[in-house]
Amino acid sequence: MKATRTVQKILGYYESDNPGVKANLCRMLMQGRLGGTGKMIILPVDQGFEHGPARSFAPNPAAYDPHSHFQLALDEGLNAYAAPLGFIEAGAADYAGDMPLILKLNNSDSLFSNADPAPAVTGSVGDALRLGCSAIGFTIYPGSANRNDMYGEIRELSEEAKSAGLAVVIWSYPRGAGISKKGETAVDVVAYGAQIAAQLGAHFIKVKPPTEDIEQDEAKKVYQAEKIAVGTLAERVRHVVQSSFGGRRIVIFSGGATKGNAAVLEEIRQIAEGGGFGSIVGRNAFQRPRTEAIALLHEIMEIYQS
Amino acid sequence: MKATRTVQKILGYYESDNPGVKANLCRMLMQGRLGGTGKMIILPVDQGFEHGPARSFAPNPAAYDPHSHFQLALDEGLNAYAAPLGFIEAGAADYAGDMPLILKLNNSDSLFSNADPAPAVTGSVGDALRLGCSAIGFTIYPGSANRNDMYGEIRELSEEAKSAGLAVVIWSYPRGAGISKKGETAVDVVAYGAQIAAQLGAHFIKVKPPTEDIEQDEAKKVYQAEKIAVGTLAERVRHVVQSSFGGRRIVIFSGGATKGNAAVLEEIRQIAEGGGFGSIVGRNAFQRPRTEAIALLHEIMEIYQS
Amino acid sequence: MKATRTVQKILGYYESDNPGVKANLCRMLMQGRLGGTGKMIILPVDQGFEHGPARSFAPNPAAYDPHSHFQLALDEGLNAYAAPLGFIEAGAADYAGDMPLILKLNNSDSLFSNADPAPAVTGSVGDALRLGCSAIGFTIYPGSANRNDMYGEIRELSEEAKSAGLAVVIWSYPRGAGISKKGETAVDVVAYGAQIAAQLGAHFIKVKPPTEDIEQDEAKKVYQAEKIAVGTLAERVRHVVQSSFGGRRIVIFSGGATKGNAAVLEEIRQIAEGGGFGSIVGRNAFQRPRTEAIALLHEIMEIYQS
Amino acid sequence: MKATRTVQKILGYYESDNPGVKANLCRMLMQGRLGGTGKMIILPVDQGFEHGPARSFAPNPAAYDPHSHFQLALDEGLNAYAAPLGFIEAGAADYAGDMPLILKLNNSDSLFSNADPAPAVTGSVGDALRLGCSAIGFTIYPGSANRNDMYGEIRELSEEAKSAGLAVVIWSYPRGAGISKKGETAVDVVAYGAQIAAQLGAHFIKVKPPTEDIEQDEAKKVYQAEKIAVGTLAERVRHVVQSSFGGRRIVIFSGGATKGNAAVLEEIRQIAEGGGFGSIVGRNAFQRPRTEAIALLHEIMEIYQS
Amino acid sequence: MKATRTVQKILGYYESDNPGVKANLCRMLMQGRLGGTGKMIILPVDQGFEHGPARSFAPNPAAYDPHSHFQLALDEGLNAYAAPLGFIEAGAADYAGDMPLILKLNNSDSLFSNADPAPAVTGSVGDALRLGCSAIGFTIYPGSANRNDMYGEIRELSEEAKSAGLAVVIWSYPRGAGISKKGETAVDVVAYGAQIAAQLGAHFIKVKPPTEDIEQDEAKKVYQAEKIAVGTLAERVRHVVQSSFGGRRIVIFSGGATKGNAAVLEEIRQIAEGGGFGSIVGRNAFQRPRTEAIALLHEIMEIYQS
């Protein structure tokens, strides 16, 4: 399927990448119901590793089975499915070629908790290639005392991935001794986290919806002096997108813990209004019974399409 | 010998693996008295390294000799024999091809005790290949401050093993500062440990039989809300198997310290009833006189066969 | 364009370098309005990574867009543009061959602050090559407890860069537990920092304009005994240039935070008088509206040309 | 010279090794006066590194010269000579082919003392090969907080050595925070140290003569329950040999600090009676005047021959 | 020029080295006024890195220019010139082939002071080769908590250098938490430091002139029991030379801080009398005006020649 003009324009932002990377970016942007619109919904399922199986899958026991997530992403026409090594291995052959896959290359478990997050690298570019993935995924925690380890790891993985034609998706979640709990989603911090991911060479950046808080004193002065509008979520999303190379990098937003449909949809509306490129929808999809999940995802996609 | 339908179905779960890995998985599943049933008994003998020679072998001095364990696994028709480098080297030629071997690639000794376990890597994929092994074995200790080192090591070893056609067996034993002593066998923790091993790409997962305890508060809420049945060992085994990709990964259970035959057999019965794929029987086999060990193993296998 | 005699003389200082490196040094020295004079203005834009996007770009929102910096360097006839991976990737194709690029290979963010700076390596020599850069850039922080990590990293990167024909630019910013806050720009410390960069094999060295302070007691004795003139900025610049292999290494000076034009120009005059090879002008360029920036840069270049 | 039946039997224990390793094991077992008996005397001279030159060589100044040790080993008909890189380099050409050499690949000096020993790696397998050695030597300190570093190093070196046809000799000296001072030679600890070396893949294992002490409570229970005889040195040696794969690995015993001839010989007698495979005789040889050393070594060898 | 018999005899001590290494040892021993005598004067200039430029070069400002040191070594007929990467790069082409060069591969700066020295590796064997050097130089600090890092680094560099035909010069300067300040030059410690360097495989060893102190209690007993003569510097030098493989390794002595000519020459006389192989003369050469330096070096060389 020929890439739409919108998608071609976006691909143009990734001007230094080789055709292999561009092809995979294109695959993700052209897939599913939002294919061609320049908007994206990605299904991430790493909660089994991050929070444990019961907390993740017991609310909808079908979700214990790794095939269920491939099937959900396929049936719903999502743009891509992201998961750790084990989950991808368990379905990559049966669903080979059915949808773009993103192999999450680092993960944290919660049997040991670290004030300064330090995820383990749990997969490789070689794994992503042998499993037919389109991209690698990686989480950085700016603000953590261990951030440099992560920056170094993604630097190396990213160079290897790009040279092999794989796209790079960075989850940027500021957290750790460098910032307060509230600061994790402060608008200056979220925008800074997006900038770091972009400077590290991410193609797609995933951040949390920012709050009105401003964490850093030095930043506060500038936000006030320059009268940067951050009063509504839409304004904050717009600021984060601008902070991601003036809109030259795709930024998508996560939804977080399961919540009511109305709350989810209102958030999506603001993200779309602010120019966000899409959403990562995990627990709000796979922790609901199938029909509920389908209905919600349809509504989300409609917002982005309109 | 042609793989049975049961075994073929199990091999189908490992859909992303190459024929080399599948052949070795098949060898282990088709070996011995339980061959073809989809159930397994594995003999592991790493206690010499882990607890010292006298504590391990003095109760049955024939066990000092590495050949004795090969012979036991062979005579009894077990599915595989697992041991550290030295023990495998000391018999791999005389017993070449007689049974599938699993080279344990990390080990801890107890001359220095660590609240947060940190095993040493003591063998390599190259060693496993030159010694004719079918799989590598590796222990992870989720909950340890050093867990990420282990996850990183098995990630790398596992990728190398799979590319060389070797299967990967992960012993998942939560332990360390992240969890309480009692929590090491709590059902939520054991299920979480199994999930981590599965996400790390294990083919076979070995865990301890879980108790009724629930360690983590966040997990407790879900176990209660979703009414997850964990009252009997059989129920808990079923939950752990479900937590291992909805049954798409082989989970086997360890027996622990030597105990009376009746206790051993009752445990096995519950594991079998809960859908467990088999058992690792170490000290309960090699610390008994030969005829006793033989009798017990026969009874265990009969339970799994019925 | 044939290198001028001045440039040929400077290239002669880099006698041990291969023709690839010499060609890239030549490209940087022959580029732009100062091309051929042996003087240089470099535009560095790593503030997005180092201070966050709003603090860096909100004063002149056009600067959020990575293309704006390429365009500024080109329009103004600067000698080179230096930035981290993401910013270079975002324009290297559209501006391919238009100006020499310096890929900054390490960076610090300020979401976690470290008394002893420890930047992360964020790019590679391979990245610099595939992006068509002329040089790698690297920051060392002598005085930091982590300095040896940086020295080791640049040693390795530098060897690789030189063998691939790339030039090496070292930012030498003493900072950390080894020295006082005031000592960071003390003349003995700045000169020492320049010497370290030169001994590490830098082709171009970037330092801060030194103050009259002398930080180290052992050094103070010598400055007094030998009556080293450090009373004016011009004298101090001369001392720093002498400390950089008696003038055989190009040393350029940074401007620091945005300030009034008069202050900027007076500083430049002293640097030029003291024999400094040029300036790095970052925030004083891209944080001003375009026409203001252009006017200031012209005046700066005139000083160096005269 | 054709290997004797005794030696052939011993070589059979190393069933998984390649012919290159077997040839080197054979060379060591067939060399010198004890050649062919299955017993061995090895001359180790690493005291210069470990204790300093004066403490090691001043009692017999001829020993400062590295050639003296080659000559001693040759004249006396010892099975092999073991030393660090410098000492081997200083004689390996003049004595090429005259006797099997063991290159000690790690060493500690005593200018910095560490409660938890942590030796430096001071040579490589490549060094051993270019110097014509038959084996590598390596010291592990079970009980040290740093033991895992050593296990990891010897794992890697051992794999490389074996693939190059070199034998592996492990000195196992429990020491460090994990055990008491007295426990370093306790019989349970020495036996455990031998087991660890064997499991790590050592061909030859060197331990200290064990005392009657039992260090670990868990072990004590078993020694008492199983009535393991450890009353005489001969019994303890027998237990250590049994703990080394039931006699399938060569275990030799060190003599320690210089002492009177009678004491030395009585110890050797007990080691021989207990089935020990031989002795390492260092300071008791090279710290004596030549004729005394010769006389003592003759007596030692006679004991092993009888 | 054909090597003299004296030099041939010395080359014979390095019996295990390949012809490439021997050729470079020969070059250094045959160069300059002392060429062929078996004695050596080496000019080391790493003070710019170690102490800063002003402290090193301001007393004789010509010394800021890296060419000045090449010229001094050449004019004076010294055996070799040793310096860090930057200084060697800045003259290696113009002086190509004029004299043997030693590339110092590690260095410490004094902007951060460490009770336990931990130098940074600042050059490579590849650098030494591309710059036409005859040897690598490396400093170890026995007694430092970080000594094992240095031993490991020089082990690896040394193996690589020797295989490429380069000689290895080790500066052995005991210092750190393991020994007292006074102990740094105690005769037992200096002799031990020389032994360690020799065991690590150094061809040439550089130490400080030892004092009469004896640092370690265990050593003191032996020095007294064996009546080792250490009353005069000549005796102590003799002991250090003996401690360096009984004279089979070249040991040269440093002069330390600038001092009066008489003091320098008296020290040299004692070193020569004690059998020392020569001197490293740095600050006492380049910190003096040229004619003074020349005169002093001539007198030093005459002492060694007589």
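So that you can tell them apart, the chains are marked A, B, C, D and E in the order they are listed, and the count of residues begins at 1 in each.
In this section, a residue touches a chain if its C-beta (ideal position, glycine included) is under 8 Å from a C-beta of that chain, and two chains touch if they have at least 3 such contacts.
This is a predicted model, so every value here is computed, not measured.
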**Q.** Those chains which touch subunit C and also touch subunit B
**A.** A
Q | Angle (degrees, nearest 5) of the CA superposition of subunit A onto subunit B | A | 70
Q) Could you state the distance in Å from the CA-based centre of subunit A to that of subunit E? A) 58
Q.
Roughly how far is subunit C from subunit E, centre to centre by C-alpha average, rounded to an integer in Å?
A. 36
Q) Using the touch rule from the top of the page, what residues of subunit C touch 2 or more other chains? A) none
(Q) Starting from subunit D and heading to subunit E first, what is the chain order around the ring? (A) D, E, C, A, B
Q) Okay, in this complex, where on subunit E does subunit C touch? A) 48-49, 51-55, 57-59, 61, 64-66, 84-94, 107, 109-113, 118-124, 126-127, 130-131
Q: Mind listing the subunit C positions that touch subunit E in their complex?
A: 13-17, 142-145, 147-148, 151-152, 155-156, 159, 163, 174, 176-179, 188-189, 191-196, 198-202, 216, 218-219, 222-223, 225-226, 228, 239, 242-243, 245-249
